[in-house]
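Please go over the structures that come below.
The two complexes that follow have chain A in common; it is paired with chain B in the first and with chain C in the second.
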Partner chain A sequence: MRRRLRAAISAGWWEALGRLGLSHERWTALPTTVRRAVKAVIWTGISLLLVAFLGVWQWSALPMAAVVLVLVVPRYGGVTIRGRKVGRYIIPLAVLAIAITYPFYAYSADGVSPGLPQLPIFGTFPLMSTMVNMGIFSMMALGLNFVVGYAGLLDLGYVAFFAIGSYMAGWLASSQFSQVNIRFGGIGVIQGLTGIHISIWLVLIAAGIVTALAGVIIGLPTLRLRGDYLAIVTLGFGEILPIVARNGDSLGGFNLTNGTGGITPIDPPGFGNWFHHHLGLPANYGALGTTFDRDYFWTVLVLLLLTIFCSARLRDSRLGRAWIAIREDEVAAAAMGIPLMRTKTWAYATGAFFGGVAGAYYASYNGSSNPDEFYFQISVFILVMVILGGMGNIWGVILGACFLTYLNSEGLNNIGAWLNGHFGPGGSDFQIWHTPLDVPLYNFGIYGVILVVVMLLRPEGLIPSRRRAAEFHEGVHDQPLYDAAV
Partner chain B sequence: MATHAHTEVSLRRRRSYSSYVMPAVATLLVALLIAWLVVNFVKGPAYFVTIGFIGLTNGALYALVALGYTLVYGILELINFAHGDVFMLGGLFSATMLLSVFHLHAHASTLALVAAIVGSLLVAMAACGILNAAIERVAYRPLRGAPRVAPLITAIGMSFILEDVAIGWKGPGYTAVPSLLPTGPVFSVAGITYTWEKLIVVAITAPVLLLLVWFVKQTRQGKAMRATAQDRDAAAMMGIDVNRTISFTFILAGALAGTGGLVYALYFGQIRYDTGYQIGLIAFTAAVLGGIGNLPGAVLGALLIGFIQSFNEGLLWHAPGSDWTESIVFSILILILVFRPEGLLGERTPEGA
Partner chain C sequence: MTEALLQTHSLRKEFGGLVAVDDVDFVVPEGSIVSLIGPNGAGKTTFFNMLTGVYQPTAGAVVFAGEDMTGKPPHAYTQRGIGRTFQNIRLFQNMTALENVLVGMHTRLKGNLIGAILRTPRVKHEEGDARARARELLEYSGLRRKDSVIGRNLSYGDQRRLEVARALATEPKLLLLDEPTAGMNPQETAEFTDFVARLRADRDLTVLLIEHDMRVVMGVSDRVTVLDYGEKIAEGTPSDIQKNDRVIEAYLGSAAVSTS
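Let's look at the complex of A and B:
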């Protein structure tokens, strides 16, 4: 059905172009680079026109379009420097450079830079706080990708690891346990403040390790379940932990989590005065105020790069190949001598580790860890990132995470404002509804639509991992070769 | 269907170890639970029984929802995550029917009450049945040949979509249903009171359950359902229209959810977009506890969960209280899935390893 529709559209398209003198044969006779260039120029031109007529035009759109063209049109795969193949690093490095410099061109000294164009419907470019959240959620999505993408285990309780990491930061870098007074490089701690205040960098590592241990503890009894049973058990853990956090203000009279109020304030990250004076590193991220979370953003970029590095290296390691083997056929993998339980537990622990680090950083960034932030929908939110981007593909997962985080923090608001401005009460074009639509209220329904549509139409995601796509389209041995019922 | 032998290589050591320790721990836990119940009973027998009636009522309600999970799991081996939300929409349908179509109010005559309830019940059953079958057609059927987690993921997506349909329809707040059922006592003996509203809940639930059992055991369509559940390919070869049977199962499950929604709206009096998620997970736990795929098991599990919930929230002597109800239910879910995935009455499935 879909294939026939696509063929019909394509035939009509070439029919029309043929009238203009560009037949299919002449087009395919052109060199590939020229065809890529023509297509890219057409798409960029359409985008620029959309920005000009539906968004807010700024001349800076032109250099942006030029950068996109330079990145998209040539094939960098074969580029070598002194005989070494470096081609596949060019685009990631360019994207990284664009990301690192984002605070400079998107923000001026007194706020959001007016020099950037505004996209149609989506509006302004993301705020710095959104960029920080994008980095944090990319880390979490990559962590979940170890479990869902590589090992093929559905985890519906990933928020539990996020919560553990967040509360680790709350316990080790705040005044929650005022009975004791332990200090080790805590930032922004005034004289006479009690509680445990440990440098946030150590807390990140500790949170990762503790969360990984929690992953092992949760994983050992549950990972021998298969498929959807495992999903439900993880969901159970993901539900229990936030409840414990919510009711944990008097566990046998001991205030562990401060209940619904959450733990606040949590120390911000920073390097302290010694590093500030000798190496020029920022002393206290929290005290900077007007630099729009710049340091938080660069730090999360570093953390994200480490996560990407670990993801890529682990995927290609012996362990990573064992994960993929288990995903494709558990029985065959076991027959080849892969220890199932140990391999799965490693996937769980690794995924949990990055979830914990991200959670601790999130808590430190927000200055609080609150039980209301850890509910089932967040687990699914992170799962949508992985599924939309492409299970098992690092770049796809990051793309999905950035896009969905943007939608959740700003995008839906902007889209709602645009819709209400054009079709809502007092709208400029023509009025369709009479009370303003609250688009962000429907965020999870929108993610639900994304889940269903992606699973039905493109289960391998936006940027598929080639191997995963083959599994979805050709089936795995787990499944019957034909379905008599259909 | 995935029915291949699961590898036992890495599990053999665990099995022998757990075969001694786990029964001992389980026995100890059950003994503690019974001791706790006995002490509570001795401290206040009449109160205990009254709390027990609440548990029975809740359990009857959970049974309606749990049966929907079990029916669908039995035939497709799919956890229909959206089922709880179909139940919630059933509650909203019923509330709308009762209040806006039949214009019921608290002082309506008995005849009007019965007519309105039966009318709303039929509408809610039909609407939820059709909705459930439509969900199956759109979100699950195209994924029959895909990996097992794919339909589960679309089920979660459908669950979110249905919740937002409810938000768009009724808003994010509670939809209130004024107390329409009579709340007077049916009997009051030695301090034990049993009220009419609880009796009515059971009186709606029990016939529906009996009807379902009769249907699955006795009719031709029920036989087709059981055959499809047992072996879909063989059933197709025997001339059973498998797709139609599956659709029919979803209609049946949806109708049960619709009944549950009506009962919930009448008994608890308020319903909201996320009610289905909470009740759905509790009911799913009940289905797993009884042995998923097993109809009497679902009812047994639902009654047990109902009693556990009411005793936990109602009893006075060392009860954890309502803050911990969800934790207890999910702990039961995890423990059952990990240590006895076949449930109380079920048979071993490949999932359980």
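Let's look at the complex of A and C:
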């Protein structure tokens, strides 16, 4: 199917070029850079035309197109500065710069009216709140990637770690435990408020550590299991924790989680007045208004960068090699002296750590931790991000996380609005259905279809790791001639 | 006779009602090359798997360098100094040759999680050293300039060599080779036999090998042990074994013995 599709596309391409007087021979005689440039310009041109006629045009589309061309056309791989190879950092750094400056060009100063053109079908570029969620879910997906992508352990209960992190923020930075009155750098806490109020920055660290410990505690008994059995146990774990959270308003008479109401409000992040006056850091994120989440976004970018850094460093370390070896062949890995239990537990704890930090930040951003946010679907959702983007590849996982979070937060809404506007009741073009279609209602069906399509066309994910690509295209070499688990 | 590096005391393995290895007493003297032979299904690989902790014995004990290893997990065996290869090649197929060898060094390196994230000078130094040593090992095993080739893309003979290099990377005192020349042509087999002999000389290794090719067994071993239906039926120097009636019977049937 994949091959046929490719063949059809390339046939169309040569047909079009032939009409322009460019035969196959003349084309292949051109230097590679020129060919890349021509292709990129043609595709960008088509995109611009689509935006102009089917979307809402803004002149900012032109500089955007220019930036894309500059990034896509030259090959940066071989660039060196004073003999040091820096080529492979250029694209990530450029993407980072684009992300950091996003709040400045995407929306005008009031934070509402868009500064970028509207795309056909997809509509406006993501709102700041969506960008924050993308960052949080990217962190979580990278955390799960330690377990699933590197060590090859299927974890269907990852949401539990997210929940633990979230409730850590609820316990340590709200008025939940009104019996006590502890303050340590909590932001936006008015006089006379009881409860534990610890600075969110410390809470993030504490949440990460506690969640990692939870990962170890859960990992020690379960990681002895293999494959499907491990998946089932993690699935159960992922179901148990939210239910405990939902019913935790009277644990022996003690109100631990405030039940279905959830814990709210949770203190926002912030640096306090001293840092605000001396270093210019924002004193209180919550005071800046809800439509304008710049500080939340930049903070999550920093957290995400730390996660990426740890992912990359660990992947290339002794521990990372051991994880990949376990994924490839457990028996051989054990015979090469890798302690299976300990190494798997490290993967579990590391993944849990980042899930916990993401959960705590999420709770602080939303100002609440609510048991309804920790359904099984979220575990699957994060797993799909990892699979869709490309298991084991950092950039792939981030892409998958951002794409699905975008669809979930506003993409499906926008697509639904576009569909209803064109084909729905009172549609401008021609009417196909007569009651408005509620597209976000079908979200999981749509993700399912996306996943199936990607698995058919590109089973290794959108940006696969080199290893995974090899596995999928040369057939997985399974050789359980004898099993070690006797 | 020199000291025993590896000993088993009435080692036994049952799979349900089947006795795969039947109370085998076995000794590998330090510095020797010992071969384990026997017809197909004689229990050689099961025996091997008990010597490396992959299987837990039903009864009996494995003693390595004076330490009772029974019941310990496989990585403990590797750490004490038993390296092995597999009968059906079990490389990390999607890792490069160099990475395969580096995984083999796992127990000999110390870098931990925090060190890896911060990339402390010590970890950096250790990694650099490990890479250099891994390259040396690859070259020693005849895999020069194959560092960055993915395991599965290596030729069959090279995959066998890489398995040995990976086992050597664990810095073993005792190297267990499970049918290392299976599927090799006569010339490759001869080269491999030389390689095993060289290993002992260069690296102070003791080698235990399962082998079907009698030329390899007779050419390289100091001692040969024969298993049949899980029982040890003979033990001795290669020339003794060649003359042993029970061995001939096991391999060729009882008719061969009575007519000879």
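Methods note: the second predicted complex is superposed on the first by the 447 of 486 C-alpha atoms of A that agree within 3 Å, B and C clash if a C-alpha of one lies under 4 Å from a C-alpha of the other, contacts with A are read in each partner's own complex, and residues count from 1 in each chain.
The rule we apply is simple: a residue touches a chain if its C-beta (ideal position, glycine included) is under 8 Å from a C-beta of that chain, and two chains touch if they have at least 3 such contacts.
Keep in mind the model is a prediction, meaning the values are calculated, not measured.
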Next on the checklist: Quick one: is A:Gly227 in contact with chain B, with chain C, with both, or with neither? Answer first, second, both or neither.
Outcome noted: first
Checklist entry - Touch check for A:Asn247: first (chain B), second (chain C), both, or neither? => result first
Next on the checklist: On the A-aligned overlay, A:Gly320 touches which partner chain: chain B = first, chain C = second, or both, or neither?
Outcome noted: second
Checklist entry - Is A:Val331 touching the first partner chain B, the second partner chain C, both, or neither of them? => result both
Checklist entry - Should A:Val56 be classified as contacting the first partner (chain B), the second (chain C), both, or neither? => result neither
Checklist entry - Comparing chain C with chain B, which touches more residues belonging to chain A? => result B
Checklist entry - Between chain B (first) and chain C (second), which, if any, makes contact with A:Pro339: first, second, both or neither? => result both
Checklist entry - Thinking of the overlay built on chain A, is A:Ile121 touched by chain B (first), by chain C (second), by both, or by neither? => result neither
Checklist entry - Where does A:Leu96 make contact in the superposed view: on chain B (first), on chain C (second), on both, or on neither? => result neither
Checklist entry - Where on chain A do the contacts with chain B and the contacts with chain C coincide? => result 331, 334-335, 339-340, 471, 479, 484, 486
Checklist entry - Can you list the residues on chain C that touch chain A in the complex? => result 15, 45, 49, 52-56, 73-75, 78-79, 84, 86-88, 90-95, 99, 102-104, 106-107, 109, 111-113, 115-117, 119, 123, 127, 150, 152, 166-167, 169-170
Checklist entry - Of all residues in chain A, which touch chain B in the complex? => result 152, 154, 156, 221-222, 224-229, 231-233, 235-237, 239-240, 243-244, 246-247, 330-331, 334-335, 339-342, 376-377, 380, 383, 387, 441-442, 444-452, 455-456, 459, 471-472, 475-476, 478-480, 483-486
Item to check | Touching residues (chain side chain B, partner chain A) in the complex | outcome: 1-2, 4-7, 9-11, 14, 78-79, 138-139, 142-150, 152-154, 156-161, 163-165, 167-168, 172, 232-233, 236-237, 242-243, 277, 281, 284, 288, 323-324, 326-327, 330-331, 333-334, 337-338, 341, 350-353
Item to check | chain A to chain C touching residues, read off their complex | outcome: 309-310, 313-314, 317-322, 324-325, 328-329, 331-340, 346, 350, 467-468, 470-471, 474, 477, 479, 481-482, 484, 486
